[in-house]
Amino acid sequence: MCRWMGYRGQPLLVEELLYKTQHSLIEQSRHAKLGVETFNGDGFGLGWYDEELDPGVYRGLLPAWGDRNLRHLAAHIRSRLFLAHVRATTGTPVQETNCHPFTHRNWLFVHNGSISDFHQVRHDLLMAVERPYFNTIEGSTDSETMFALALTFGLMDEPMPALERMAGFVEEVGHAHDIEHPLQMTLGVSDGERLWAVRYSSEGNGKTRSLWTTVDAATIRALQPKNPRLQALGDEDRVVVSEPLGGLPGMWQEVPEATALVIQDGPDGVIAFQPQPARAVSSTA
Amino acid sequence: MCRWMGYRGQPLLVEELLYKTQHSLIEQSRHAKLGVETFNGDGFGLGWYDEELDPGVYRGLLPAWGDRNLRHLAAHIRSRLFLAHVRATTGTPVQETNCHPFTHRNWLFVHNGSISDFHQVRHDLLMAVERPYFNTIEGSTDSETMFALALTFGLMDEPMPALERMAGFVEEVGHAHDIEHPLQMTLGVSDGERLWAVRYSSEGNGKTRSLWTTVDAATIRALQPKNPRLQALGDEDRVVVSEPLGGLPGMWQEVPEATALVIQDGPDGVIAFQPQPARAVSSTA
Amino acid sequence: MCRWMGYRGQPLLVEELLYKTQHSLIEQSRHAKLGVETFNGDGFGLGWYDEELDPGVYRGLLPAWGDRNLRHLAAHIRSRLFLAHVRATTGTPVQETNCHPFTHRNWLFVHNGSISDFHQVRHDLLMAVERPYFNTIEGSTDSETMFALALTFGLMDEPMPALERMAGFVEEVGHAHDIEHPLQMTLGVSDGERLWAVRYSSEGNGKTRSLWTTVDAATIRALQPKNPRLQALGDEDRVVVSEPLGGLPGMWQEVPEATALVIQDGPDGVIAFQPQPARAVSSTA
Amino acid sequence: MCRWMGYRGQPLLVEELLYKTQHSLIEQSRHAKLGVETFNGDGFGLGWYDEELDPGVYRGLLPAWGDRNLRHLAAHIRSRLFLAHVRATTGTPVQETNCHPFTHRNWLFVHNGSISDFHQVRHDLLMAVERPYFNTIEGSTDSETMFALALTFGLMDEPMPALERMAGFVEEVGHAHDIEHPLQMTLGVSDGERLWAVRYSSEGNGKTRSLWTTVDAATIRALQPKNPRLQALGDEDRVVVSEPLGGLPGMWQEVPEATALVIQDGPDGVIAFQPQPARAVSSTA
């Protein structure tokens, strides 16, 4: 089922937000409050951007709460944009290649949710993945398949339409197999510049996985009132999460269903997210 | 914190009791009801006796619920006496050598509970371990130290007195460090013939970790009414657990505090457990 | 690159052949003599048949030489037919789902070798896997794909023709991609009754991965002259290996290239192995 | 048995020296040339200093050559001083807490070699470890015990004398157990400012584990002639290794036996290393 968080803003040590908050993602790996399961102990992943060209990725198959390497890494990795994810498997094996984020070139992708009856539709979905992206698939999750489909549908050129086509295609295939509500998702996606946070499910009606964002800098500062580094953050700095990391209600606003938040320089975008008919878009792999 | 179970009786496939009950130990690795934590995802261990001389041991550092090898093994290992344990660390690293059961020759040892302020007393406790047993210590848990102390105090010759001396020594050292309630424990111990289940804590007064046993064969049969193999079991066959595997209340009886249950051929023993002054007992290593 | 071994005969503790020979498979995981690499430390797997319906499978991602669980298991698992494999990855990740044996129902499958330029042909090969078998694929190896193709081509009904069609199809797709020698393999395959050992490569001419079998019981007995259990074995008991486990030259005979050995009750079969045109065979999944 | 490397100088991406040399440490994890074993696949560790107070540490129990997380980390961690180590166990379990470097406060410690008959002397050695350092011990290696003893003998105040006392004590205890040559070692030790490289064995006479250092900047530049980052290095930048990473003979000079190299600002020190009688030195833990 999973929980994830994303940050974009001034460079911070990852641990500031990953560990040192009231209800951190690490804590959510064993005591989540808003998810389907209270624990998410089937692996962990962190993808982060720094001065290098492509993001760094660390994925571990142990529960996040006990991962000592992660504790060290988070205390030393300084990043301006990162995505972290704790996993609860919906059936596929526990292994690093089934942990998020998935990555291709400068892109990162995390997912909370599932494709209903994935075993029935897996074959049809994978058949639609274009050859250059097919070989990026190393695991067996629905999430990784969604990423490969998004790449196929043009993620690297026009991200939002590609994600909408991916969602549309998953629903189309699901309906062809008589699956009523094929898709359940929140997504965290980044190219190293912008951070997209998407919240959508076929069922809708308040049944979509939770997704929250900080209202403004005051929220982040409230996470650690005595932390000078967080006190220095401003309104350009934003956190998006499956469930709030702490602070008071009112400091976090829920991302509406069928909506994508685009976190970028200047005003952030809030766009309606609507599945589109799928069509492959040729792109430089 | 941990949960464990033991079985002694007619040979059974381990999976019958490890997986195929209402509230199995595997389920308790993520949804325990009676323990300090609801999940025990910091590793797993199984020790089992068959026709071979010494027990087999399988220990994994992944949460039990996701361990596929364990699922296979449990479906193929047939055993007349086994101990299984799911771990919740009280601070020490997650690694196979910190998983229970610990083993020496034909002995197996599992523990639920802790030694209070273990870091303060660890040195004194380890220094009391006799040389031949000192080198059996591969991890860093309080549990393993307790096993090494029990061996030092004569476990292989006179098990109950040795366990009482071990408890007495842990309390003595704890009190010397101004620790009010040094010891919290249930233990599962076996030499391949008998199975000891001990329930004791320094604090007492209902604060000891839970320990239950089947009243009679009717309890085991009730765990799986349609399972012919379990229906064939008799009153000589017994299960002891941190928390009941299912069935109805009244089918399980709680092991009283400060008590040891000795499961053996013929009538099982119920003995008062009382910490004794410690003294090393020379024994063939 | 890998090394593997198979045994069929009177029930033995797995450790007798897996560990207790001069040049055991465990030893080959770090000091192979006949393979492409001297070490095969990218994981291990054991599949074994006993009285249960389907085989047990244990797969670990650690090098075999250091796997303590394996040492214990091998000392307790008694089996009449088993396959064991040590892995050297040809590029795909180190994870349990990329370890052999692969299994479906009562079938086990191990492979030494590779599909040349697998990344180029992977898509075409996977697209030919029939839907019921497609979902058995959990990893990303060429070996697992070969197993899924063999199942698609009727392995469960007519094993030899299915394996020949699989080989034929891999070569056909390879040639369509201008790959000169698409396939390199030895295979160990079993349904729990018979054990097939196949040796074939597109290149031939002595370039196929090694495969040896015991000439008769004298070979097995010579592996451990003082071991009464092995001394009790007869000519019906057979070992097949990537490289000999010990003993003297002349005690092992090489399986010729383009040949399949069928180890079964009564005389064993020696059959020419020749890739066939592929066609899917509908079969109960 | 192990191999290790250390670097001190201008900040570099760890991968420049860890991966991108002719005969990198990663390569030595499977094809070492000068060590006791050709492979060192029982785990890996990296400790590095950056702008943070204490070093970061990453330790994995998988062989280094297959560790994808390590590949990513090395491509993103920029450090002015780091130690990396690939492990070949001399008997103790494969687990992260048995991987080097060991760390305490701002100190890092790696070791190649062994304490002879460690099982005989382990008890006596551990008994001499002072209480504050005793609890830093999480594994079961001789190496970690040596680090704890060095801390006990004043490593944090007077490093060289402390290391000499540690060596002297190990020899004293060994001789008391009739062990002829108790100690075999090269050590990499750092406080974040200086980097000590020690080469000593009880046996001497050319039998000490190998240890080499770059003669000057020309050596480092020769490791990658086309790499502008390495071309920018100067004579203050130094690499020390179990075996040379590449380049030509003559570019590396062997550290003599019974010698310690102190890599620091200004001229580096070359000091005779001579075991001293041990005495505990009280120090702030």
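Quick notes on this structure:
For reference, chains read A, B, C and D in written order, and residue numbers begin at 1 within each chain.
Please note the rule applied: a contact is a pair of C-beta atoms (placed from the backbone, for glycine too) under 8 Å apart; a residue touches a chain by one contact, two chains touch by 3 or more.
All values derive from a computational prediction rather than experimental measurement.
Two chain pairs are in question, C-D and B-C; the one with more C-beta pairs in contact is B-C.
If you average the CA atoms of chain B and of chain C, the two centres end up 39 Å from each other.
Shown for chain A are the residues that touch two or more other chains, namely 68, 93, 96.
If you draw each protein chain as a dot and join the dots that touch, every dot ends up joined to every other dot.
Interface residues of chain D facing chain B in the complex, by the touch rule stated above, are 92-93, 95-97, 119, 122-123, 126-127, 131, 134-135, 137-140.
Considering their complex, residues 13, 48, 50, 52, 56-60, 68-69, 72-73, 75-77, 96 of chain C touch chain B. Every residue of chain C that touches chain D in the complex is listed here, in rising order: 30, 38-39, 41-42, 61-63, 66, 68, 89, 93-94.
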